[in-house]
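Below, chain A partners chain B and then partners chain C, in two separate complexes.
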Partner chain A sequence: MILLIVWPWLVEQEGIHCRVIGMAFFYGCLALAWNLFSLSGAISLGHAAFFGLGAYGSALFCHYASLSPYLTILLGGLLGALYGILWHVTFRKLRGAPFALATLASVEIPKVVIDNWEGFTFGSLGVVGIPELPSLSLGSVLLNFGKDPAALYYLLLMVLLFMTLVHRYAMTSRWGWAIRAVREDEIAAAALGINVNKTRFQVLCSSAFFTGICGGLYGHLIGLIEPGLVFSLHISAVPLVLSMFGGRLQWYGPILGAFTLYPVDQLLFRSLLPVGHSALYGLIVILTLIFFPQGMGAWLQKHLCPASN
Partner chain B sequence: MVSFPSRCLIRMIIQFLVDAISLGSFYALIAIGFSLILGVAHAFNLAHGEMILLSGYLAYFLNRQFSLPLIVSIPISMFSMLFVALCLERLLRRIPDPHELNTLVITFGLVLLLQNLMLMAFSADYRIIRPETRLLDIPVHGLFLTETQIVILTLSLATTGIVYLLLKKTFLGKALRATMQDKETARLAGVNVRNMHLIAFGLGGILIGVAGPLYARMAYLHPYGGMEATLVAVILTIFAGVGRIRGLLLGGWILGLVESATTLLVGSGWRELASAVILILLLLLRPDGLMPKWAKSTQ
Partner chain C sequence: MAAETSMPCLELRRIGIGFHGKPLLEEISFTVSEQEIVSFIGPNGVGKTTLFNIICGRSNPTSGAVIYRGMDITGWSPHRICHLGIARTFQISRPFPRMTVLENVLMGIWFGKEEQVGSQAGRDEALDLLNLVGLRHKAGQEGRDLTVSELRRLELARALATRPKLLLLDEIAAGLSPQAIREAVVLINALREQGLTLLIIDHFLNLTCQVSDRLIALCDGRLTASGRPADVLNSPEVIRAYFGRSQN
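== the complex of A and B ==
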């Protein structure tokens, strides 16, 4: 933890490492947001829908209404949550594999609509020139997120810390136990007096909201979004792979996945294979499910501190 | 002179129907392999479309390098896909419960892996096996059929028919259907269920090997295009139920008609939307469509 705070001073300020670790924070947030929903027992293959809606919502609000990016990112998150409500209403009866298939298909709907609604969303050309996050002045320190990688690093670290707290809350609080009960056995949970429908709704909406926020943030970080980019299979897959690899049932699992896999992908694989380096994620999820079905987190816990089991 | 516009319209409608049905028969061909694997081995193969693309690329390069015609490249791709499918069976054999969901996640990983490998190997260029642009004029109705369409229509229908006969008329087909309906009872009746899994994957692989070269002939190959074919297979399987060949063919024709109509009426950009909406509607209306008796009995 302390290492993460002082890290930018240890290595060079402008370095690629700082940027990669910052983006690892970002993907950690995305994985935590995804895992929030998977805690209720459902596997989503379509979180790119929330991500893309968040990115487009934020970028278009910024473009048409000229609001501050901080506000529009929240609006993007709300747009994601709105689609989450839609999921909840339409897919209420589906569980397991049919649910996963429905989520996979539901990414296509906003994607095709945005792709074809050229007058409003600029179609497949995408939105370019999304403004950077404006600078904030904290006391005497000016945080220029657009220009200064270190400032961005701390911003993403703060977001990650916040997401970790939310994720931890969704595992250890009373609400978290309700989620766990729903995951293990819905009928038994209902018999204990848990409102299963409401719990699933809360989890899905918060997961969609935070994924939308990640999407909005992404647009302002990268400066350009297009339907094929933000609604891609890759965006749906990465949080799933990171969470599965790190361990879905540990509060730190998705972060562990993001901190190990993302730097390996960017620093090692990207230089070896410029095209198609994401094959790593596919390989990892296959190997994880065969050899460590509970993820690395559970495996490490079992082997490093056997006493706690 | 009065009858001219209406005859023209009728001709257009017939042409539209023929196009849609040749597309729909191809869809049925895509779906049969998926549905067999799901029905017999209870494995969701999300990488179905990617495997079709892979065999399409194989046929494309055989065609480019050695200028092999389709009739030679289809058996080659059939054998290689048979091999790939048997490897997949080994991979999926011992994964932990819940089986269906985990096969879904594993093959989702396989989708990512194959997409990126194909991107590496074949680049993101669009490729197609250049058809000879010969139009066959059927004099009676004044219809136009391209040679590609005829090849696709005959091969799809022939393969569908063979699989149908195999399932309905042979002893092996009986054993396969028994495994689909109830694994435990089939085992009690002396069916070797493990072998049936292997045979289902093998058959699925062979069907992928037929579909791939046809795909490369009909549409542009792109490393990211596989998901669309998988969605088609899923849609038809939910519509018809696993292992129901006639239902798959009917569903394929309906889907072909709907997609062609969407393309005709509102433009090709919305075609993907049509199939996604159909899939979601089917899942909502028939939530048990993917889960035949075995799933209900275990609950």
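== the complex of A and C ==
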């Protein structure tokens, strides 16, 4: 943690190392948001829907209503949560592979609508010129997120810490125990008084909300969004891969995945194999699933802290 | 043995259910008094477990009504029925495999009733229940590591953790040793003394006859006999269902 706090002072703030770790925080947030839902035992292949709706919601609210990005990011999260409610109502009876496929297919609906509603969403051209996050002043310190990479780094670190607390709460609180019981056996959970439907609803909407927040944040970080980018399979797959790699059932698992895979991919694979680095990424995922099916977090916990198992 | 009260603990009115267009249960009606122990017998596949599923809200009947202490609970969700005070064990044990035995029981204590139970009080209660079923020494072991006999006991402890008034035991003696079955008989009688009403499904007629006030026999989806254990076991319908011929 100390290393993460002092990192911008150890490396060049404008340089790639600071940016990569900052983006690892962002992908850590995305993975934590995805994993919230996965804690209930469901595997989603369609979180890009929440991400894209969050990104477009925030960008369009900014564009048409000239609201503060901090507010529009929250509205983007709410838009994601609304789509989560629709998922819950529509896919309530589905489990396992049919559920995963339904989530994958559901990304196409908002994507096609946004792609074709050119008058409102600018269609496949995307939204450009999305405003940067406005500066904040903390006493005498001015945090200029648009111009100061270190300020942005610390903002993303704060968001990651908040998401980690939410994720940890969803694992260790009594609500977390209900989620865990639903994951392990929902019939037994219901027979013991757990409202399975409500628990799944709460966890899905929370996950959709935070994924929407990530989408909104992404638009303001990058400055432009287009349907092919924010509704892509890549956006759905990345948090899944990071969580699987780090360990879905450890509170720190998705963060471990983001801190390991993303920097390795960006700093090592990309420079070694500028064209085929994704293939190496894919290979690592396959090897993880074969040799560490519970993720690296579970493996490390088993070997470094056997007493905690 | 059953306590005399004006309102039955449980009443099933003309319950019917079918799967894929084929009726499984038809016109099942009976009442159970407070603190009564009633066992269900019948060939495999006759619908005994389905009847438990209907009472506990896991399956919805196509006709009829389930009345619990004067309240129509037909079609209620399982967690609401649990909060009312109806708990069950499963024919095939359903532990939470990656939770410890203690955590499995804690789930019942924490969520079985709507009121909150503190963490330490919950743990103490869970350990008492594990003591009752003889699993205290396994408290730290994961559910997936238990033997069949231990799983049965865990199921019972977990159901009791919800503090039920009506307890449904599905094949509680399956896989138990003769000694464990004798202990189960003692435990079931002790539970009744504590004020519980029990419904039991078990193929061990030795156990069901020892503990039950009444047997209900199901055959071909219908209730064919109901009464004292000796009377039901000697009824021509039951003999025909079990042996394919009448007593004569």
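One rule holds in what follows: the second predicted complex is superposed on the first by the 305 of 309 C-alpha atoms of A that agree within 3 Å, B and C clash if a C-alpha of one lies under 4 Å from a C-alpha of the other, contacts with A are read in each partner's own complex, and residues count from 1 in each chain.
In this text, a contact is a pair of C-beta atoms (placed from the backbone, for glycine too) under 8 Å apart; a residue touches a chain by one contact, two chains touch by 3 or more.
Values in this document were obtained by computation on a predicted structure and should not be read as measured data.
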Chain C versus chain B on the shared chain A, clash or fit after superposition: fit
Which of chain B and chain C A:V113 touches, first, second, both or neither: first
Touched partner set for A:E226, first chain B, second chain C, both or neither: neither
Contacts of A:D265 with chain B and chain C, given as first, second, both or neither: neither
Partner chain(s) touched by A:L273 [first = chain B, second = chain C, both, neither]: first
Touching partner for A:L45 - first (chain B), second (chain C), both, neither: first
Which partner reaches more residues of chain A (counting touched residues only), chain B or chain C: B
Inter-chain angle, chain B to chain C through the CA centre of chain A, in degrees rounded to a multiple of 10: 80
Smallest separation in angstrom, by C-alpha atoms, between chain B and chain C in the superposition: 11
Chain A residues contacted in one complex by chain B, in the other by chain C: none
Parts of chain C lying in touch with chain A, wherever the complex brings them together: 56-58, 77-79, 82-83, 87-88, 90, 94-99, 103, 106-108, 110-113, 158-159, 161-162
Touching residues (chain side chain A, partner chain C) in the complex: 174, 177-178, 180-181, 184-185, 187-197
Complex contacts: residues of chain B adjacent to chain A: 44, 46, 91, 94-96, 98, 100-102, 104-106, 108-120, 123, 224, 227, 231, 234, 267, 269-270, 272-273, 275-277, 279-280, 283-284, 287, 289-291
Touch list for chain A against partner chain B, complex: 43, 45, 90-91, 93-94, 96-98, 100-102, 104-106, 108-109, 111-113, 115-116, 233-234, 237, 240-241, 244, 273, 275-279, 281-286, 289-290, 293
